[in-house]
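There are two complexes below, and they share chain A, which is joined by chain B in the first and by chain C in the second.
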Partner chain A sequence: MTECLFSGMLAQLPLAAVDWHGLFFLLFAAIACGAAVMVVLTDNVVRMALHLVVSLVATAGLFFLAGAEFVGAMQLMIYVGGTLVLLVFGVMLTAQTQLIALKTPTGDKVLAGILGAALFAVLVQSAVSIEAWRRPGLAEVAAPTATPLGMALVGVRVDGGDPEAGRRPPSGYLLPFEIVSVHLLVVLVGAAYLARAKRRRTPRTVELFASVESSTPSRVDAGAGEPASSVLVETGR
Partner chain B sequence: MAEFLIETIGLPGWLAWTAVAGVSAFLILNLIAGGALVFIWAERKIAARIQDRLGPTRTGGRFGWLQSLADGIKLLAKEDLMPDGADGLLFRIAPYVSFCASFCAFIALPFAFDVVGLRLNVGVFFVVAVLGLEVFGVILAGYASASKWSLFGAMREAAQVVSYEVPLGMCVVVPVMLAGSMDLVTIGEKQAGWFTNWFIFHDPFTFVIFWVYYTCAVASVNRAPFDLAEAESELVAGFHTEYSGLRWSFFFMAEYGSMFLVSVLAAVLFLGGWNGPVPVASLLGWSDGTAVTAPYAVRLLGCANLMGKATLGVLVMMWIRWTLPRLRIDQVMTTCLKYCTPIAALMFAGVMLWQLFLPGGLLPGGRPHAAAVREAWLEGEADGAPVQEASVGFVPAAERQVVGVSR
Partner chain C sequence: MMLIAAGTVSVAHYLVVGAILFTAGIVCMAVKRNAIGVLMGIELVLNGANLNFVAFGSSYLAGEGRPPLGLDGEVMALFVILLAAAEAAVALAITLNFYNNHATVDVDRADDLRG
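Then we have the complex of A and B:
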């Protein structure tokens, strides 16, 4: 009896009528947009990075809210985890006094404002003009727009296979695709290696270093080695 | 549990879900905080033992049980200092960022078959992704402290964690491949039965890759011999040099939380998860669903089992910390790039070939074909039998083989 009374009282609360999904969507969206605006308005590079992280995490929250857990985890892994660690890394290596507090000239601000407003207008226009996007809840799930080849590249074969006869569709091209990717990685590493071997002591580098400070051959080598190793680091990521 | 509240007590849906979320968050938070207290005490005792001294002896009886609690009270009462040139906002926010990352990863971690905060179908991926975020708090702390020691520590940590994510990810993929799922619950259930079913004993390659995983896990949570970010003999205290009081203790809790996290992950991925070495529950007939209390007992045993394995992992980390000297930064990078990554890649290829050519193991009539297991699982999923809702609740254990602890 008391239980029923209790639940009845709770049901009287207006909270039960709240659309919680929509509320959380608005919350995360507001955090994402607010943090994105803060990225633009802040003048400290590291704080910008922090706001960017908040914005990206909120976006990941939107993905989780939509039930797309893989995309959400991807968002965390790639954008928040990888990119921002590298960003902060780079920022701190270049954290000179003029970068601690960035001052944007007024002309740049106006230019950026016009550009941003134009892009925003285009995005809003295209988003609103599509009928199916106006009410996401009512939008019918359309047939996949990717071609059969595109689907096969992500491992799903829509052609072939007969579920009624119990025959499974043939496997897609995901593995060949990945193998090609690894080959490209090997090519990149090889290119980096070759580029490094070639850059011995071109007169220009020597000249460059000599103009900066009195250089020894070992310094030149060390300086020439840097671009190649940075390529390697990027490939490794 | 939410369904139980809605149907039995008649709570409105939003309140039921909020209550369930609150209970889960409360349990996880207390697990991290309480675990940190116990582990800090254990670490001090183990360190003392290894260094041939006594460690804490006075507070709370003969073994100094309450030393961590006393330290906690001391930290609460400590003055919260901030250096002059520090970036106030970032300095204050950094410990919480670290702690939140550690806490969030626990959400997707299963402690027994369906004792999991949120069952994600990409659980492994989520945990690894969130674990990588902890470094952000450390970087912020290092930058905002306006101290060269902190900055050095943070830079080292960034370089180290980013590098070690590569072999760590490669090791984590192996159990995913064997289980055919990224769902941590499914991966744990695939290892049910005797301890020979654990993925570490699946084939020689997985045995090797477990140790690679463990090395990378130690490195990714910044424990000695990879504790270059702290390096108290070189950098005072590294990234938390300027911190004191409660903020500092948040870093500490995040560290111990992460240690426990990677150990639980190791247990779930390689050491059978909540399945004990001997399937006690199924031998006793508890898993046939006849006894009313059995499902609870089985879950409790599973939790105890997983906690035992994870604690063992943490204790081994402490043992390593107080045994090995700290590596130099170049040695850390060499270990990662020249040893861990190639070994992990080779073992990954080896496991793939093993699955292809020796799916049943070396002994005839051993394990069923992995693909067959997966097919059965998929069929079962289509029928709706073994798929349970992600909640801590009462589920008949008849369908599953659930095993207990013998530790």
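Then we have the complex of A and C:
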């Protein structure tokens, strides 16, 4: 009964007239851009990480809308699932009360805002100035599969070729794929080597940690520009 | 002009979104004093560039004929995501090392090499 009523109400709505692609594009674009701007405007580093997660997830939605399903899934798995967890761990490992929200001088903010607005104007001008890029898409393509991408990564292209016109398919990506995998291995070994826990505390670092922990947040914030030795002198250690 | 009037999305819309992400990342890198905040700015910049790659490679957005990049755009976006993961791992290791040696993550205090 309720199902009948629900479907009847659905039939009343002009759902077929709604442009779902454009609607979802506007939704995801607004979320991505708003969260990115919030990353810049927030001083608290934990909230910055949260806004960055929202922005990256909305960008994955934009990838899905553009027909790049595999890239969107990888964005969710590698970026949101891996890189951002790494960043949040970094935030937690370095979370002292006075380091959570480091204030930027207002002059720097204004200068960076002006430069950012100029850069944005140049980018938007170049994006909308070419007529071919403003042509709306047909949004009618073959059913998406990951086959062309996977075949290209192992060196065989199944797309782009045109035998009638005598055009051979473009080359694959086997060698870059191998280089990237070795690069990832080397980088992760190097990162583990760099970040390993070594208890090699020199007297200077012990004093530094002690002075930071004993000082008030506002004083460390104000004295951020001066060298560390003066902090030691002031605290009398 | 930039609103969705005709009912379909074009490459230029994606480029504008990518420009906003890129600019936010650049400003974030320039303004933040926390080293991890600078890292987040780098992630935003790479993400904006990725959006452009995908937009140019998308056959949904190409008006008629082949998209300018085709599959190459998606492959480049994948490589950028992988390299961003590697870069984040190394940069975070450096940040933790810096924190262990200096008891702070303020990039303004990283002036040991000053002459």
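A few remarks follow.
Rule of thumb we're sticking to: the second predicted complex is superposed on the first by the 124 of 237 C-alpha atoms of A that agree within 3 Å, B and C clash if a C-alpha of one lies under 4 Å from a C-alpha of the other, contacts with A are read in each partner's own complex, and residues count from 1 in each chain.
The rule is short, and it goes like this: a contact is a pair of C-beta atoms (placed from the backbone, for glycine too) under 8 Å apart; a residue touches a chain by one contact, two chains touch by 3 or more.
Remember, it's a predicted structure, so these values are computed and weren't measured experimentally.
Once chain A of one complex is fitted onto chain A of the other, the partner contacts of A:Phe70 extend to both chain B and chain C. Judged by the touch definition given at the top, the superposed model places A:Ala29 against chain C, while chain B stays out of reach. In the superposed model, A:Val110 lies in contact with neither chain B nor chain C. Contacts of A:Val128 after superposition on the shared chain: chain C is touched, whereas chain B is not. If you count the residues of chain A touched by chain B and by chain C, you find the higher number for C. Residue contacts after overlaying the shared chain place A:Val80 against chain B, while chain C stays out of touching range. In the superposed model, A:Trp20 lies in contact with chain B only, and not with chain C. Contacts of A:Leu50 after superposition on the shared chain: chain B is touched, whereas chain C is not. When the two complexes are overlaid on their common chain A, residue A:Leu175 makes contact with neither chain B nor chain C. Once both structures are placed on chain A, chain A residues 70, 74, 82, 86, 89 are touched by chain B and, in the other complex, by chain C.
On chain A, the positions that touch chain C within their shared complex are 19, 21-22, 25-26, 29, 32-33, 36-37, 39-40, 45, 48-49, 52, 55-56, 59, 62-63, 65-68, 70-71, 74-75, 78-79, 82-83, 86-87, 89-91, 93-94, 99, 102-104, 108-109, 112-113, 115-117, 119-120, 123-124, 127-128, 130, 132-139, 141, 148-149, 152-153, 157, 159-160, 170, 173, 176, 180, 183-184, 187-188, 190-192, 194-195, 205, 208-209, 211-212, 224-225, 227-228. Remark: chain A residues 3-4, 7, 10-11, 15-16, 18, 20, 44, 46-47, 50, 53, 69-70, 72-74, 76-77, 80-82, 84-86, 88-89, 92, 95, 236-237 touch chain B in the complex. Across the complex, chain A is touched by residues 1-2, 4, 6-17, 19-28, 30-34, 36-37, 39-41, 43-44, 47, 50-51, 54-55, 57-64, 66, 70-75, 77-79, 81-90, 92-97, 99-106, 108-109, 111 of chain C. Taken in their complex, chain B has these residues touching chain A: 9-15, 87, 89-90, 93, 120-122, 125-126, 128-130, 132-133, 135-136, 139-140, 143-144, 151, 154-155, 158-159, 161-162, 165-166.
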